[in-house]
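Chain lettering (A, B, C and D) follows the sequence in which the chains are written, and residue indices restart at 1 in each chain.
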Amino acid sequence: MTTAANASSLDRPHKRFADYLETALPKIVLGPTLLIALIFIYGFIIWTGWLSFTESRLLPRYELTGFVQYISLFENERWWVALRNLGIFGGLFIVVCLVVGLLLAILLDQRIRAEGFLRAIYLYPMALSFIVTGTAWRWILNPGLGLQNLVRQMGFENFTFDWIVTPGMSIYTVVIAGAWQSTGFVMALFLAGLRGVDDAIIKAAQVDGASPTRIYTSIIIPSLRPVFFSALIILSHIAIKSFDLVMALTGGGPGFSSDLPATFMYTFAFNRNQIGLGAASAIIMLMTVVAIIVPLMYSETRRTHR
Amino acid sequence: MKLTWKLAASACVVAAALSGCERQEEAAAGGEVEVLHWWTSGGEAASVAELKKMLEEKGDTWKDFAVAGGGGETAMTVLKSRVVSGNPPTAAQVKGPGIQEWAREGVLANIDSVAQAGNWDGLLPGVVSSVMKYEGNYVAVPVNVHRVNWMWANPAVFEKAGASIPTTWAEFQTAADKIQKAGLIAVAHGGQPWQDSTLFESIALGVGGASWYQKAFVELDQVALNSSTMIEAFDTLRMVQKYIDKDAANRDWNLATAMVINGDAAMQFMGDWAKGEFTAAGKVPGTDYVCMPAPGTAGSFTFNIDSFIMFEQKDESAITAQAHLAEAIMDPKFQEIFNLNKGSIPVRLGMDLAKFDQCAKDSSAEFSSSSQEKKLVPSWAHEMAMPPANKGAMFDVVTAFMNTPGMSSKDAAAGMASAGKI
Amino acid sequence: MSTLSIINVKKRYGPVEVLKGINIDVEDGEFLILVGPSGCGKSTLLNMIAGLDTISSGEIAIGGRVVNDLSPKDRDIAMVFQSYALYPNMTVRNNISFGLKIRKIPKDQQEETVNRVAKLLQIEALLDRMPSQLSGGQRQRVAMGRALARDPALFLFDEPLSNLDAKLRVEMRAEIKLLHERLDATIVYVTHDQIEAMTLGDRIAVMKGGEVHQLASPQQVYDDPADLFVAGFIGSPPMNLIRASVASKEGKIGVDLHDGGETFFLAAPDAVQSGLSAWNGREVIVGIRPEQITDDMARGPERTDRVKRNVKVDVVHPTGPDTLVLIQLNDTPVTCRVHPETRVRSGDTADLMFDLSKLVFFDPDKETRIR
Amino acid sequence: MADTYQTQTAGSQWLGRAVLYALLVVFAVYYLMPLFVMVTTSVKTLDDIRAGNLIALPQEISFAAWFKAWGTACIGVECNGLKGNFLNSVSFVVPAVLISTLVGAFNGYVLTMWRFRGSDVLFTMLLLGCFIPFQVILLPMAQTLGYLGIANSIPGLIFVHVVYGLAFTTLFFRNFYVTVPSDLTKAARIDGAGFFTIFWRIILPLSPAIIVVSVIWQFTQIWNDFLFGVVFSSGDRQPITVALNNLVNTSTGVKEYNVDMSAAIIAGLPTLFVYIVAGKYFLRGLTAGAVKG
């Protein structure tokens, strides 16, 4: 071994500028995104946080006044309604989308004729915003104009479907329309997941004599865990951001019985000139998101870390 | 380089002939006005188009900036963003105390010179001009006066039910019972917060009278807000609610009006913009429908004035164009055309109302008489009386009352009082 | 001159040191194997040679040129990956010529090279196919072709055969060996398969835990393992490692063993007599390869370094060329390799011949050789 | 995995299939209901709408409302229908979709193939951006755009959409590229290819499936957006959703429901078209990687 002798006699080319550039390039390319994330996500959150401690009304004001806005926020009955509704809507919306989406995916996965056609039907609502479909939905759900009227005309005089005009129930119509829009997408996710399940596992289970139901419940569905996770993230983001949906369908009504935090924030910050209060509600919303999503993401990435 | 610039400029001129181009041609003709409004439909849009025509005659360019929805709620969001971004429009449709709030932010222009030249102080009633001024200077231009406390009734329905059109809330109850017995809907209503409050406002005025109304809803007097009068008003609202059909939730007001037009419902409590619907359906006032003050409010007048606030402009040509806009809005010709379309009455005093219908004439007459008798009050449901925060909170109370059968009038009155404190 | 010098190279990820000072010199034309269990740092070292991973400290020189600061493309190397890493969107031809294209080699020269390489690897017929249309073995050839086309100073192979089935693996192994001889190229070859290591390498670096445990020729690594780890890692079936007490008998130092019944003594080779004597009465680990415990009908005349013992047989595994016999010594399972003709049955006892000349001994705590 | 159940008898299998199809059809009807209402209403005459119920079939089919919505309906003071706004939308949606997809692809590429310390943290930080309700950022964004001098302009609108689309596009591409063996990049680097060469010549050609997902997603989001469109556009360059809103949400006047519905369908057509045409690839792209969290 002539290591020591060699070391001194070696030629040592130095890094050229191009090499420095090459090694820095990935970071340079990611730079703008980082900057954008810092300013437009975190900067704006801080900005909003700041405003939540001010008396901002019509336009932003920057003199701090303490926790006044938070106190009045939690004294506001409407805020509690909005929070409760987010719980009802978010929970039901996610569960319904997951269950129906999975059901549809499983049904479609049974060698169905016209699968492509049916899939397109289930998926198309995702393409349309409630700006477009809101009116149609309002009509359908309206007891005098829509479904209730139709069924009654068909001879079922006692049929009632008037949730949209019933204060305690209107939030459920929001779930119906929201699920209508999003289940197709969840179905697509699950279908993609089902197609990716290893055939060998299923064959092994069949050889073991497992019934089809059994194969689904104890083998296929558990193996879709990552899909559930993706769907959960996407659905919860839709639920938290739901705004157009409520505005188009119920306008938050009857009264403010179908308000969500997003509509609450918008109403107070922009229509009632209480930007400080709106900012406070936004911060609470974001804190809720962080409290729910971050542990979820953390545990999931930990579990599947490569 | 130069050539392409010229090409671009000439392309712009051509485009301008078709629609209205941006910056380049400002220097050539007058200035550009960008007006934020939410008058996007039928008659309203036609009225705005008239304004546009008048400005174009003066050589200015009209850049339309229409944002409809929710009685201007979306438009207000847009306006705030525009101002925050340092790029406000020339003028925006803002009314009532909102004018003062914007003025306080120091973003509005002083248009006293136009006002003096046009003798606005002489032409506008005091209640109106005081709203348009901030610290003694004009910052906004009024367009029209709406009367909110109207009741629109279909006489044929009353006849069918054997009832007579009510003038007090007691009479209302008798009539409504008869109509309901006849299998018809007594009150056409849309369960949207602003409609709930519009209805309540008329009831409150009828129950409590103009001076109590002034104390409660303009001065936000705690005693008046939480008084037995307020409780009585809510009791009356509960009574009226019995005669509203179940499907009213989130119904647009014009659909409710259609129910009266079609004879499905007997009456609607709505401002005079509802008249446009009757007119469009080919109905004649006095025979097909009647306009009357809401029960108990004869002689009183809740006004709702649409106005444009004028934003500070940097550009000389833009300032000139803005002055042209202010002049045009107050021009008798525009006032006539606009208000004929909109169902309201001109804000200028002493105009010839020959072309207006009976309802408008009545409205105009009561506008001056109520002013003298101190029965002219601003409509709080239409943002004329109090800041949006209080108004919003009161909307919440009224709407909660309408949608919560078990809520007592006493609680509602207490709620109104705390809404007045925000 | 295509030499490779790895001088005190370290790699740290944060506080974790994954390579702890590696020193290897590879001569021109030498075939060096880096072998070790997964996580030993062999692939990291290869990536550092290639320039795909940065060097925390130390130097790597290729052809007498320190390449620490050079990017992979300037290091004059080629690499064959375990996953083949063929560009899925390019034909075989374009896969092979991609590196040449990037280096702006003239078109005609590119073509010539592709044809030469294709002929060498017998993949001429595949040139216009896409990688997805190839079998595993064909992909492997293309991956090698891509490396060959570049004619680099140094070839790097990262477990290139581990995705192939057993038969193909043997075939390709032979082919790589042949190629090496024909091209006389300098090669660094990473594998976890010790058979590949033994058959291909001129020298083997056995790695574990970020250190080179032994760097020597295959035979040396096999016969003369530097420590307990190397002894256990190289060889298949692996060397038997038995805990035993050192004793002396008839003036010789050796170890006592038992198969559950009678205890017997195995004397250590002469070379270790003095080294082992210090351990008298203590426990050591004795290593004996399976082929050193065999049946007596096999090898020639009686020698002093061979002893016959009658041992209880647990299981008999015929493998074809050999039969493996499992016995228990000092409660440790021990594999012996006997002739297939031998008639030994499970549960019987059998006479087995122990070749004592190649016994090795290890310190049970430090795991080092006792010499 | 479809050929799972050959164990049942023929009879019960037939029944099972019937129930299966019945279920699928029931769901299809539910999903089609709003579209059905929209389409039938759009081809009814106003009298027909007033007379019948909403779900009834039209008495006679008339496309007049469609033509009106496209070409002559009054929105504000202009009576040119939606066609101008349609083009406005195209003019900013296309660049916004392309830019956000491209940048997302680059981000995904760096985050998987060129990892560096902190890149995972950066990714997580970016993901949180998906969860910000857009109402919250309107005012600070307006201020920032004003500061940058692109307030109420098409470039400003593109910028906003790119900024808030990045989290999603990056997520898509990153999740796809983790399934691509990083050996490919390494091999290309040794072959002498640089950062961009590898991206354009090796990685991007592998990505059509995920590009389709990203483009569909972004196109749908941006085309359908109302809030950013109304706040950050200028009066004469409003996107189609804003025009639709102006048309439908008239504060007074006679409601022409058939025109409203035609306008709504026109506004929804491009996204519908994209979903129906590219839906197959969308599913394929999801299968290819977006599913894996």
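Following the convention adopted for this analysis, a contact is a pair of C-beta atoms (placed from the backbone, for glycine too) under 8 Å apart; a residue touches a chain by one contact, two chains touch by 3 or more.
Being a predicted model, the structure only gives us computed values, none of them experimental.
Q: Which chains does chain A share as contact partners with chain B?
A: The shared contacts of chain A and chain B, listed by label, come to D.
Q: Just to be sure I understand the contacts, which chains border both chain D and chain C?
A: A
Q: Which one chain sits nearest the middle, judging by mean Cα positions?
A: Chain nearest the centroid of all protein C-alpha atoms: A.
Q: Could you find the chain whose CA centre sits the greatest distance from that of chain A?
A: The chain farthest from chain A, judged by C-alpha centres, is C.
Q: By number of C-beta pairs in contact, which two chains lead?
A: Top-ranked chain pair by contacting C-beta pairs: A-D.
Q: Whole-Å distance, chain A centre to chain D centre, using C-alpha means?
A: Here the centre of chain D sits 15 Å away from the centre of chain A.
Q: Using mean C-alpha positions as chain centres, tell me how far chain B is from chain C in Å, no decimals.
A: Each chain's C-alpha centroid was found; their separation is 89 Å.
Q: Between chain A and chain C, what distance separates the C-alpha centroids? Give it in angstrom.
A: Measuring from centre to centre gives 52 Å for this pair.
Q: Compute the distance, rounded to whole Å, between the mean C-alpha positions of chain B and chain D.
A: That gives a centre separation of 37 Å.
Q: Scan chain D for residues touching two or more other chains and write them down.
A: Within chain D, the residues that touch at least two other chains are 138-139, 141, 194, 245, 248.
Q: Which residue numbers or ranges of chain B touch two or more of the other chains?
A: In chain B, residues 70, 77, 80, 84 touch at least two other chains, as defined above.
Q: Mind pulling the chain C residues that touch 2 or more other chains?
A: Residues 71 of chain C touch two or more partner chains.
Q: On the basis of the stated criterion, which chains touch which? Give every pair.
A: Touching chain pairs, listed by label, come out as A-B, A-C, A-D, B-D, C-D.
Q: Which of the residues in chain A come into contact with chain C in the complex?
A: Touch list, chain A to chain C: 1-3, 6-7, 9-15, 19, 22-23.
Q: Would you pull the chain A residues touching chain D in the complex into a rising list?
A: It comes out as residues 22, 25-27, 29-30, 32-34, 36-37, 39-45, 47-48, 60, 100, 104, 107-112, 116, 118-129, 131-133, 135-137, 139-140, 145-147, 149-150, 153, 180, 184, 188-189, 191-197, 199, 202, 206, 212, 215, 220, 226-227, 229-230, 233, 237, 240-241, 243-244, 261-262, 265-266, 269-270, 275, 279, 282, 285-286, 289-290, 293-294, 297, 300-301, 304, 306.
Q: For chain D, which residues count as touching chain B in their complex?
A: On the chain D side, the touching residues are 74-78, 138-139, 141-143, 145-147, 151-152, 230-232, 234-236, 242, 245-255.
Q: For chain B, which residues are in contact with chain A within the complex?
A: Interface residues on chain B, with respect to chain A: 70, 73, 76-77, 80, 83-84, 101-102, 104-105, 191-193, 245-251, 387-389, 391-393, 396, 399-400, 402-404, 422.
Q: Which bits of chain D are touching chain C when the two form their complex?
A: Touch list, chain D to chain C: 181, 183-184, 186-194, 197, 201-202, 205-206.
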